[in-house]
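Notes for the one structure printed next.
So that you can tell them apart, the chains are marked A, B and C in the order they are listed, and the count of residues begins at 1 in each.
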Amino acid sequence: MEIDRTDGRSPNQLRPLACSRGILHRSHGSASWSQGDTRVIAAVYGPKAGTKKNENPERACLEVIWKPKTGQSGKEEKEYETILKRTLQSICILTINPNTTTSIIIQVVHDDGSLLPCAVNAACVALVDAGIPLKHLAVSICCCLATCGHVILDPTKLEEEKMKAFAYLVFPNSINSILPEGSSHTKSKQLEDGLVTSVTHGGMSVEDYFHCLDRGRAATARLSDFLRKNLQSQVLGEGSKAG
Amino acid sequence: MGLPNESGDLLSKMDSDASRRLFPLRFYESHLSISTRPDGRPLKSAREAFVGPGDVASADGSAMTKIGSTTMLAAIKMEIMTPSADKPDEGSIAVEFYMPPICSPLVRPGRPAEIAPVISKQLYDTIMSSGMIDLKELSLISGKAAWMVYLDIYCLDADGALFDAALYSAAAAFSFLQIPVVSLSEEGRLTIIPEEGNGNKSDKDVVNKGKRKLTISSLPFSLTCGLHKNYILPDPTSEEETLMETFVTVVLNSSGHLVSLYKPGGPVLAQTSTIQDCIALTRQRMTDLQKSLDEAITEMKVD
Amino acid sequence: MTGKGSATPATYSPSPTSRKGKPPAYKDGDLNWARPDGRGFQQCRPAYFRTGAVNAASGSAYVEIGNTKVIVSVFGPRESKKAMKYSDIGRLNCNVSYTSFSTPVRGQQLDHKEYSSMLHKALEGAIILESFPKTTVDVFALVLESGGSDLPIVISCASLALADAGIMMYDLVASVSVYSLGVNLVIDPISEEESYQDGSLLISYMPSRKEVTQLTVTGEWSTDKINEAMNICLDACGKLGEIMRMCLKEAASVSSEVNLGRPGGRLKGLQGA
């Protein structure tokens, strides 16, 4: 049974993606990511000297500041900050620059559904732009569950509110290995199978959740390709950005 | 490479308390390798949970829960509000989670815990997602008055698994809740009728006669598991929480539906098998928690 | 998500209007009137003390006297804040806070900001600050339910928590307050009685050393009345000190039975739910 989506997309179709790097001049790294009408700008400052009070000085420390489009920062923003911080901590190599702090500032430009995944993607690109060492990229997607049990990817805000449940999922990006097939197989398999972050809203059955996971993981291949293409083309376009 | 060996020898010589403070990770992993946890639990077992009525006199429903040493006190107060124009038949719930300075050495009076607003929001989302409360039941007079449920949860002792204990105490508080009977006065305000002698108030003034308890369709129960290397460790204590950085919180409701699967990042990636194990552990835990809660409810009814 | 950013709507509590306008139970010049809970004028409420309520703290105590329930945790001695200057005696840091359900009306913020400094003054005379130089001892109190006579109960509970934490003190501090209502002196008032007081006297007393660490007087008092009130208070403090000492002895004897050496875990006496 086909789901009719208001903008005519198929259930597995993502909204048009757009990504640009280096849009802010003062920050060490910046990126803008938009999925359809949802647009988020991420800026990275760092590494700066010194860690915050309770943090381990033997590792680099990350700090996330989430700025909503309007109004003051409340509990929702604090939750997003915590989720984003832990997600990015898992992809950064924290032992390379110990006793430093890297600040990531997220500014919501427009929220039309799928806000947290957009922010994760933007933050990831901004970190690459700033040259922070990463283990792998993180690609993020939102999967919705309709009442009939179908899984829909990348919902708009209206769709999110109407749906029974939705899940924000973050996966490591798919691997384009230059090594021949079979070598280091287990490690890459683990990476491909892994889930970095999951935040769900609304109740769903356990099987439905695993369907969402599968669909989401399948979509990450497309997102990873888009990311790779985007990052490569911009690197070729600019000279080295020293400092 | 003299240093690691030295510390290895030092570890075997010094007593357990010192090694616990100086080399916490090594101390911990030495326990894991013999399939036990420092507090003596087997690897996959969660701490025992206690639940009881909270004895808060000014609250309409209250509960106290204890998971290991983590203690939570939840209190529900109901106040009257005017419902919003686009939802005239619905009341509202406000959840607030407090970590007062008594609960943990990391919280200071001027510096509130960072995790408190996050847990507040998580609790609110979980309670709304689980469908435990039907907001339409909170309506009193359509368009004019509805119940505003203030749920305040105070952490009295923080020793890991804060969200689990808080959610359990919220579920218990809603189960113990007694909605006060209100009547409409001449000025249009609703006031509580005292229990004894409603002689001069005629029955038709009473707005919600007979609706003393909320119908709770299904209670959510949760279990937080820490992921460390290849181990899944349910119900971590605060000491374990500082060593592990990856946590998965699974919330199931009594009908077996997944209310929430919350994994906020962390260095360990969760494989599908890991997630399935966590869900299975949560199901087990849910039966225990539900049993304790049912016993507490029947005890309260007897009183 | 719906509800984001919308301010919580204004609500009111449906409880019957507060008893502020209610006249006191006695009339001027009346010598014999009954207290709302039926106690005699010189009778204190029965007290229930328990130490070791909070595992995360170095020492803690829980007190329930009538309807007033208080938990106090003591952390320390621990590192002072970096901003503080060097000091060769220890520092004491106190904080008293209320839960939102401590009063019948939610969020009715009682004006008790001075309780933290009053707690500090009551305790600092009793603690041997020289025993922990350069460090700070933090005493945090949370009033779960306020049923009258909050501050004296917080002070007594705090000194019990300090003893549980092993902080060196000259003696336990027991604290009691006496209110003058009309011509009578009433000890250990409940909140109703507190609201129509003519004067109050609060004493924090070290029973074994017979020394007063804090004396607070408000309202109008004649010399005879003050003397009488002080005698009543000191007597009650002595009895309260006895109860506190018994509680500590019990706690110590229980834990010495259970604490048979400590393998990695913490067996700190069996605390029921």
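Note that in this section contacts are C-beta pairs under 8 Å (C-beta built on N, C-alpha and C of every residue); 3 or more make two chains touch, one makes a residue touch a chain.
The chain list, named the UniProt way, goes like this: A = Exosome complex exonuclease RRP46 homolog; B = Ribosomal RNA-processing protein 43.
Keep in mind the model is a prediction, meaning the values are calculated, not measured.
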Report summary line: So the chain most remote from chain C by C-alpha centre is A
Query raised in the report: When the mean CA coordinate of each chain is compared with the mean CA coordinate of the whole protein, which chain is closest?
Result: B
Query raised in the report: If you average the CA atoms of chain A and of chain C, how far apart do the two points sit, in angstrom?
Result: 51
Query raised in the report: So what's the Cα centroid distance for chain B and chain C, whole Å?
Result: 29
Query raised in the report: Got the chain A residues that touch at least 2 other chains?
Result: 74, 76, 201
**Report entry** Touching residues (chain side chain A, partner chain B) in the complex
**Finding:** 54, 74-76, 78-79, 82-90, 165, 167, 170, 172, 190-191, 193-206, 208-210, 213
Report task. Name, in rising order, each residue of chain B that touches chain C in their complex. Result -> 16-17, 20, 27, 31, 38-40, 50-52, 56-59, 62, 64, 66, 69, 71, 73, 75, 77-82, 84, 92, 94, 96, 98, 100-105, 108-109, 148, 150, 152, 154, 156-159, 180, 182, 189-192, 194, 238
Requested in this report: Name, in rising order, each residue of chain B that touches chain A in their complex.
Outcome: 106, 114-115, 117-118, 120-122, 125, 129-131, 245-246, 253, 256-272, 275, 279
Query raised in the report: In their complex, what parts of chain C are in touch with chain B?
Result: 3, 6, 8-17, 53-57, 60, 67, 71-73, 75, 78, 95, 97, 99-104, 106, 138, 140-142, 144-145, 262-266, 273
